[in-house]
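Dropping the structures in below, format is structure tokens.
The following pair of complexes shares a single chain, chain A, combined with chain B in the former and chain C in the latter.
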Partner chain A sequence: MTTASGQSARPVLACGEVRTCLLPSFQPLDGRAAAQLLRLRADEQVRVSERPNLYALSPEVLTGIDCRLPTSNGAKVRAVGTVAARAALTEGRVLQATAHFSAPAAGPDLRRPWGDYLVRPGLVESFGKLPEQAAAEGALRGGGRGELDLGMIAEGLLAQLLRHPLLDHKAPFKSRRTHLRWAARRVPPGEAPSLERFTLAEDGLRTVELKVPEDTPTAAVAGLCEDLALHDWLLTTVVHMLDNSRLGAADGPSAVLALRPAVDHLLHLWMPRAHVDRTLGHLWDVLEREPGFTRQWRNLVQRIRDQLAVQAIPLLHQALSTR
Partner chain B sequence: MLIFAASDKGGTGRSVTSANLAYHRALAGDDVCYLDFDFGSPTATAVFDVPDARQAAEDRGLHAYLIGEVSEPVRVDVWADTEHHVLRNRPSGSGRLVLMPGDLSGGEFATTDDNLHRCVDLLLRLNSEFDVIVVDLSAGRSYAVDMVLEATSQRELSGVDARWLVFHRWTRQHVAAAAGLVYGKRGIVAGGVARGHDEDTLRGAIRFVRAAVPDPESALWSQVSATQSAWMRACDRDLKQLASTLGIGYSQVLGSVPLEPVLQWREQLITDEDVLDSQIATMETWRALSDLAGRLTDDKYWEQA
Partner chain C sequence: MRDTVFRETTAEPRTQSVPLSHLSLELGHLYMEDFEAGPGRLREHFAEVRIWVDAARASAARRTGGKRPRISTCFLIDDYFTRFSTPAELVPVVLAEAEKAGLVIDYLARESGCAVADRIELAESVMHRLVESPPPGSYGSRPPVSQTGWLANGQRTPATRSALSDAKAWVPPQETAARNHSVFMDAELWSEKDGRRLWSCPFLAAVWQLARLGLLRHLGEPVLTPRPWDGAGFPPDWDRLPPLLQLNPAATPFSAYRTCTLMPNRFLAVEDAVRLILDQVDVDSGALKQVAERSAREGAEVPAAVAQRATYVFYEEPTNSLTTEGT
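Presenting the complex of A and B:
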């Protein structure tokens, strides 16, 4: 693994945080409106793709940082550089903001002029050697006061987007945001990428630990984690909706009405790997085996459809008997 | 739906009553968030009986968030974290009940553009997540009142329903002060209009809640002498007359909460156990709170008079 400071330019660690929420608008945005919303920079286009689903990805914006990195062992590591942030909108409905950075094994002991950092967007250098393991664990734990807080940067971008005049803040249903923090240790090129751990914590927090070859761009890792976050958010949101609908307890029609937004806005969004880098797509297999994301989703969808069918039977009877 | 709880003076039971309303909405299945914007004297952790949160919010509460010291204010899941033995058992079918406490050390502060943006961001964000958001504001024409008036006048929040509850006690001074707080020269309406609110819309979104109202017909007063009883009735009549003259008469009232020792002294949520088992609180109070909670979103009570 990379330890010598001479190889310091090669990143050994990439970390990020994704925040996922329902777009607060009555109607989903079409491709054109999505591009308008995500135009974070005048000099770069928003990427919009319509196959296999409508997906828009903003250009990256940079935030300069000079602060301590969060570490799990309390080591004080000052770091300087830029954090990259970007936003994605899926089917004009689910909005995500990601902040991420890469870090080399070691950096110079002196702060250099900002220009040096700006030419390497998304790279953060530590003063001296980077305690890889502690920094990766620290990133998953999240930044405290005075430490690099990727969530704050992602949240800032999300807040900026939510103030856009295109949004009417009349979302068709209430839903929670989720936060997904990820840390990817770099392995030599040629080694297979792997998903080491996916955890669900409280308050909508999820963490992902990855191993990814050095030659995989950080943006591709960010894309994979956005895809995981999107589908985890869909599961979380539909499960909550089913819980709140009081199926079985409330009388039929009202329970079904509570599920209507899922049918209108969410059920068609399930499409794992749709925009994930080809070299990383198979990491999904791990989650499909255990805990089985798609298995749970199918089960939820089936439950909703069964309820709709059951509720339709009395209506059918009525219609037949009044003929 | 945003519900702002304001009052002319302290001691109107604003915090404890609005917390009870939040509790009733959560019982009915809504996801509810309660924000303690009473910056001078945050009390919500006591009302919801979450003493640990008091420490957690020491420097990470709403105050620290609004002045930009933390990226997110602390959230307390009341069902999970409360030490109240009844609240701990979350009833099935109930919604989430989340408290965002104020900081212990936080005082009043001026509204800057940055604070305002953070306030707007927070309200937008909570609105996308919760059915009902109760914001408990410091008494009088405080910075908290100014800030939310300013925030709700912003374009971003124009699509979000906001309603105001003004709590006052049932006395001559309190009735006059409540009318002044809303309609006075420096009142909420004037302040709102100065910030770009439409006057009729804002007036239509304000209702009064009469707190600690002694009901002369109640069993509590059945033993008083005839003269006392007649005097109470006369006072009550005069107060109604005064309220109506000051523009806060019947049509502007969302509801009344009876004089209830448990609310006055314990300053905590009233649970069904207090009413049914230990019977320290009366059924009238429970019903009044439940009715009020229902009326928060019942448009019938918010039509223009």
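Presenting the complex of A and C:
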């Protein structure tokens, strides 16, 4: 049975959800503290990178599930297996939690012994055939009542991390969480991966549709989507900050005060594909062409710098005239 | 594609591999009551075990396709639940009785080493790796095993309401993997006494099985590694005995693809609970992969599920009449 299952276990679909938020800590965490925060298990190491930026990645933890998968056509598909969840912290400032799973084209009609599922972490098997398209669309739409809820698993991990005693809950500025749902259809090995669609929806929801070769690990796809989510969160947050600063209308010092957190905490975080698997990094290109994530970011940064420069001129005048 | 020029060791996952035999054969598990029954009891035990050792060796040889299998033997002494005697007094008796039966004990372990070994909290780490088997309807809420201290193979009977509410009909517990009818089991993993956690015998035995299967790591490094014995005497205090001692310098590695445990049939329930626990532990994936690849390369592929790698022989316990001296 095990060898047969090994063959049929070739995944045809991978889905996930990333939640991105500002770490509620007055100071960003350094590498050691980041490793402490993300140590979800005492016996497994946290991966910490210092180049090209400070990035810490937790080990994956599993959640057992046995429920219906959300589907776009209402098909009732029961699935059993484990959802993998992990957390990442970038520059000790932006915290992300991802829950993800892979699914093979079909599974047995009987539930296997639990130990058989645990040795294939992050794999969820449907009873019978998996309706790939409907399940991919369902994952992007999100789970209904009693259906697999990746957002809840990611949120649960985030909540667990936010209770950590290292955090003082004094965030330097207000920001909103975003959630990014993704679904990756598997294509034969050798075919090029592609980003099919990136949708910016309301209430901080973003969805990403991908095509990824079978031999690309799901963790690598999750890493790409975390990178997309991180940069989308940066754009969302800085745009919001500029909106609230009421540029031009506000008097000098208050505009400076409103924009200061961006300079202190966010402007240095922009670094697309810093920790993305090499085979997937180029999927960014399509977003750089349209709408042009980096183009928008540069524009925002320029506006902030110009604004601060404009506000500095009167101060300079003042300083010169009082000489 | 070109290899990466730049690497960061702290950013790469690493799992050190451990040497592996084909079979880890446990020759016994000594509790205080066995010791109190005198050396005759040990003699009976080893005489009985000897028969099954030969069978286990034959079975292992069949799996390796005629090649001589690497088999290491081990013996576990309980120093966790009750402290009795001293290593200096006890170990030579055990070794002598084993030798009389024609058996060699390669490795000697202390049960408390399964709780804490070399200041690493093994039991605690394994506890954090429990991923409960989800009953149907589980859509992502994580059941808090770490709060209850119990682990089941299905859904428990719901708690009864207060006396004031309507009397509810009793709902039976249900085994998740039941075939027609349930065999429901609920195992206690630990208890708390005076603020200290006392691990249960099945839980420590599950840690012991994982160690024997070469699946335990701490930050990627092997744990409960055997310390060589210098051939001199044994210490007068259990705490001074290494948690895992290699008695036979010529022994094959302690950990193995499979385990076989020989024990009296009164341990049946304990070992059933051990399997229940092993079936719900998410073991280090690096270690799991190493064992799977190496066993496949040697033509002795392990079963995918960890619990399936452990086998047992439960034999009839020697009666006291048999153990009296001179029989």
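By our rule, the second predicted complex is superposed on the first by the 316 of 323 C-alpha atoms of A that agree within 3 Å, B and C clash if a C-alpha of one lies under 4 Å from a C-alpha of the other, contacts with A are read in each partner's own complex, and residues count from 1 in each chain.
Operating definition for what follows: a residue touches a chain if its C-beta (ideal position, glycine included) is under 8 Å from a C-beta of that chain, and two chains touch if they have at least 3 such contacts.
None of the values given here were measured: they were computed from a predicted structure.
In the superposition on chain A, contact is made by A:Leu22 with chain B only, not with chain C. Of the two partner chains, chain C is the only one that A:Arg111 touches; chain B does not reach it.
Residue by residue along chain A, chain B and chain C are tallied for touches, and C comes out ahead.
In the superposition on chain A, A:Thr63 makes contact with chain C only, while chain B stays out of contact range. In the overlay built on the shared chain, the residue A:Asp203 is in contact with chain B alone; chain C does not reach it. When both complexes are overlaid on chain A, the residue A:Gly281 reaches neither chain B nor chain C.
In the superposed model, A:Arg51 makes contact with chain C only, not with chain B.
Looking at the shared chain after the overlay, A:Met152 reaches both chain B and chain C.
Legend: residue contacts after superposition of the two complexes on their common chain; A:Leu162 is shown touching chain B, with no touch to chain C. The interface of chain A with chain B overlaps its interface with chain C at residues 149, 152. Interface residues of chain B, counted against chain A in their complex, comprise 29, 31, 69-72, 75, 92-93, 95, 117, 120-121, 124-125, 127-131, 155-157, 159-160.
Of all residues in chain A, only 2, 5-6, 41-45, 47-51, 55, 57, 61-68, 78, 80, 82-83, 99, 111, 113-116, 118-121, 143, 146-150, 152-153, 156, 278 touch chain C in the complex they form.
In the complex of the two chains, the chain A residues touching chain B come out as 21-22, 24, 145, 149, 151-152, 155, 159, 162-163, 165, 168-171, 174-177, 203, 244, 246, 249-250. Contact residues on chain C toward chain A in their complex (touch as defined above): 1, 4, 6, 8, 10-14, 120-121, 124-125, 128-129, 131-142, 176-177, 217-220, 278-285, 288, 303-308.
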